[in-house]
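The first chain written gets the first letter, and so on, giving A, B, C and D; residue counts start at 1 in each chain.
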Amino acid sequence: MTELLGSLFILASLAFFAAGSIGLLRLPDVHARLHALTKADNLGLGLLVAGACLIGGHLLLALKLLLVWLLVMFASAIAANLIARHAMKDGEES
Amino acid sequence: MEITLWHLLDSLLAILLLGLAWSALSGTDLKRGVVLFMAFGLLLSLIWARLRAPDLALAEAAIGAGLSGALLLLALRDREKSENKAGQPMSLLRLATVLLMLLLAASFALAYVTAVTSNTGGRLAGLAFGNLEQSGVSNPVTAVLLNFRAYDTLLELAVLLAATLGILALGSERRPFRRPGVLLGALVTWISPLLVIVAGYLLWTGAHAPGGAFQAGALLAAAIVMLRLGGMTSEQLPHQLLQGWLLAGGIAAFMLAGYLATFHDLAFLQYPAGWAGLLILLIESAAMLSIALSLGLAYLGGSPSGWDERSSRGKRS
Amino acid sequence: MMLTQLIFGIAGGLLFAMGLRSALIRESLLARILAVNVSGAGIFLAFVAIAYRGLEETPDPVPHALVLTGIVVAVSATALALALRRRLEEADDE
Amino acid sequence: MNNLLTLPVMIPLGFSLLALLWPRRASSIGILGLLATLLASAWLAWRVAGSGPMLLALGGWEPGLGIALHADALSSTLLLMSSVVALAAGTYSTGYFRERSDRARFWPLWLLLMTALHALFLSGDLFNLYVTLELIGLSAVALAALGGKRKAVEAALRYLILGLLGSLLFLAGVALIYAGYGTLDLMQLRNMLAPEPVAWIALTLMISGLLLKSALFPLHFWLPPAHANAPAPVSAVLSALVVKAALYLLLRFWLDIFDDVVTTFAAWLLGSLGAMAVLWGSWKALRAVRLKLLAAYSTVAQLGYLFLFFPLLAALPVGAARDTALGALILMALTHGFAKSALFLATGVIQQKAGHDRIEELGGAARALPVTVFTLALAGVALIGLPPSGTFQAKWQLFSAAIATGQWLWIPVIATGSLLAAAYVFRILGYAFASAEGVKYRIADGREELPALILAILATVLLGFGSIWVWEFVTPGALAVGEVP
């Protein structure tokens, strides 16, 4: 039962990743791309981690995965901020 | 031979990898090439995981994609004269090199396929697993690196030392970065200690699970890179004399452990019975620090300010 | 023998040759350094493919250790090459 | 237990760390380390001469799983030569590098290079050989770039990238061998290898990598700039030892490990390339403007001679005649090692004292620097192959082998090469003995002039009159590791 639920979570995460990647490729400017990428990826990763926790079953493992998720969120938020600020400064190039 | 979903996944991964490599190498835009190369490294790390080589997946992500990537990105700041005329050779010559390349790849593939299909035995795997009990660790890759083929690893540390000394001899470090804004500063202050903890964990766990000195050392080096991005100057590194000892430590620990055995009438690098686990942990700790400092100094790009004064202090004149 | 071994082994051979070619014909030093790394990665891929023994059996640890050594050697060489390249720009003519 | 075998590798490595830790004493530590290395190598050669080849299974693991070191006559001879050359060039470097900080940079890398060379000579494992090749490559490049002149850095970077490509070709061959035969140990492979596609392709890849590293024509293009722009003691070792390391492996693979796999056609190919190297290298040396460039091109030519032996060895049946030819090859490699390092060191003296090394402005050198010019002349005798040098005897054997096997083709090549060598050596001497005032300064520092002189004497006199010892030591099964009990 938990395995099935976990798999569903992971499948759902794939949809978010796909959306994020399409956004990265198709959206017109840096800020919009960043928006698509960070939002979709963070949610996607969250779902992936949740699914993996369910399938893995260990509490310790779940904690480690959760830590990974938090770290990635932390880093990607700041990276996104840096990229956005850089883009603002440079003006719109791409 | 049955074709399963796994094989489709494998083909997809292989094609993606080749595509990434091709676009990283064929474009004239170097920045793009470097970014694609980092993506290549990450994909490779995924493939290591697929091929059940988690130790390599960790090392590739940390060293192959991570640190190499950081070094290459930094190198983009140095302009080359030749970059302006990144011209391609004439079309006929180009065709010839492509044909030669295909010939090379084809002969390699021919030999490889023949070899793998004719030799289906376990090669050295049987021997390695058979002697795992006596190696002092239960992670077979660590056993090969630090015990069965420890001599390779010893010389590999010498390679790293040679590269580091070469970089130090070329001149002084790059200018440090400007102090970052609040957010990046916060990231640096939070991440660096965390990296140190994770490195310690990887070192410890390397004895029985994926990890070990190299992955841990790379993470520590990543901490140096982060701090550097956060505006660290080389004065904040350990004292110059200590740096020398740290650089030498990995090899020195190996040699001491190696000759320890010879006093017990054993071969060089043969760990006395019961001591293997402890000796391996000690060697790995020293090696981790050497690796971290070497790679960190490589990121600094040259000798830290005042490095040469080590030799002239106390000079009479 | 397994199809997986063949797929990655042949891909490794292609990468090896591709990198070798670029390293010889490119003018830009940075591109050549990248190419050497790609070429090396191709050989590493072949090594790890040799070690693979299916989903059930633990792979041969010896090639894994060799590749780990190779990765460290590669990053050392890359670091030295990049340092030389940087110095080339700074060094004055004579 | 043969733990002795580790000493020629571990002594320089240990002293390299010491030189890194005590930079102020780097020179004394370095010289001491090289002396100890020389003693260890001499002892090893003595043991090998007395009681035959030696083997050590590192870590106590059976070869295959672990790595084995071994020494036979060929490896211990080269070990001894490299220890002597390193000590002489190292002694010279204490006068060459005036700044203490330069010496502190030089010594740890120098000792690492010795570690690498000795590790290569003793290694019995294919992958370990790859690591030693990379260690040689990186430390040699770092040394060649010392001083930071733009030309030197540029040549060093090119040298690095080509060296890496050579190592990668080698590694590709190693991967194939492991896939096909399931071991990396040379002695096990020696009995397993058969003439089949896997072995052929793997050997071709490895040999191509080694040819690139040993700068066989037409893969020699990286050598002259790298060797001519490095600091003098480094050039000496690059030409005398580093290219010889790749050549040693070629010999070891060709005549010993892959003995059953190689073909006569391939031997002829190497011989022909060697012949072209002799002619092209000698010609370029004759036309060189700078003394160091002359020395570098002369290395290309001298390496060519060594490759002429391959088709001859392939044609000779196993036995006394073949052993003699092999002995001649080794004698030639040794003589060239000593003579070429002497030439580079002497050039270094001239370059520092005169401020340049342009051949046509060497006038007065013979009066200002008589010892150094005498060294040049002695080294020249060995390079041309005049008696009593070791090269003379080696070329003599080369001639007789060419006649014995009916391979007349090589004889005009050797003769032309020797004539061209005579021409470029006398061109140097002609200008050096001219009375013009191109070179003015005298020096009294023996550290700078004596090492080169000693090396030149070793090449011309000792290896000439003493060649019989080399012969006796080397010929009965120079490559005899397989017979270790």
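Everything below uses one rule, namely that a residue touches a chain if its C-beta (ideal position, glycine included) is under 8 Å from a C-beta of that chain, and two chains touch if they have at least 3 such contacts.
Predicted, not measured: the structure shown is a model, and the values here were computed from it.
Colleague: What's the minimum number of touch steps needed to get from chain A to chain D?
Modeller: 2
Colleague: Report, in whole Å, the distance between the mean C-alpha point of chain A and the mean C-alpha point of chain B.
Modeller: Between these chains, centre-to-centre, one finds 27 Å.
Colleague: Based only on mean CA positions, could you tell me how far chain B sits from chain D in angstrom?
Modeller: Centre separation, chain B to chain D: 31 Å.
Colleague: Just the number, please: Cα centre separation of chain B and chain C in whole Å.
Modeller: Inter-chain centre distance comes to 12 Å.
Colleague: Using the touch definition from the top, which residues of chain B touch two or more other chains?
Modeller: 108, 112, 116, 122-124, 128, 148-149, 152, 156, 159, 162-163, 166, 170-171
Colleague: At which residue positions does chain C touch at least two other chains?
Modeller: 9, 16, 19-20, 24, 29, 33, 46, 50, 66, 69, 73, 76-77, 80, 84-85, 87-88
Colleague: Which chains touch, pair by pair?
Modeller: After working through each pair, the chains in contact turn out to be A-B, B-C, B-D, C-D.
Colleague: For a test of understanding, state which residues of chain B touch chain D in their complex under the given definition.
Modeller: Of all residues in chain B, those touching chain D are 107-108, 110-112, 114-116, 118-119, 121-124, 127-128, 131, 147-152, 155-156, 158-159, 161-163, 165-166, 168-171, 244-245, 247-248, 251-252, 255, 258-259, 262, 265-271, 308, 310-315.
Colleague: Could you list, by residue number, the parts of chain D that touch chain C in their complex?
Modeller: So the residues of chain D in touch with chain C come to 127, 131, 134, 137-138, 141-142, 145, 148-151, 153-154, 156-157, 160-161, 164-165, 168-169, 171-172, 175, 178-179.
Colleague: Which positions of chain B touch chain C when the two form their complex?
Modeller: Listed in rising order, the residues of chain B that touch chain C are 1, 3, 6-7, 10-11, 14, 17-18, 21-22, 24-26, 30, 33-34, 37, 40-41, 44, 47-48, 51-53, 55-56, 59-60, 63-64, 67-68, 71-72, 74-76, 78-83, 85-89, 94, 97-98, 100-102, 104-106, 108-109, 112-113, 116-117, 120, 122-125, 128-129, 140-141, 143-145, 148-149, 152-153, 156, 159-160, 162-164, 166-167, 170-171, 214, 291, 294-295, 298, 301-302.
Colleague: Applying the document's contact rule, which stretches of chain B touch chain A when the two form their complex?
Modeller: Touch residues, chain B against chain A: 181, 183-184, 186-187, 190-191, 194.
Colleague: With touch defined as at the start, can you tell me which chain A residues reach chain B in the complex?
Modeller: Those in contact with chain B are residues 71, 74-75, 78, 81-82, 85.
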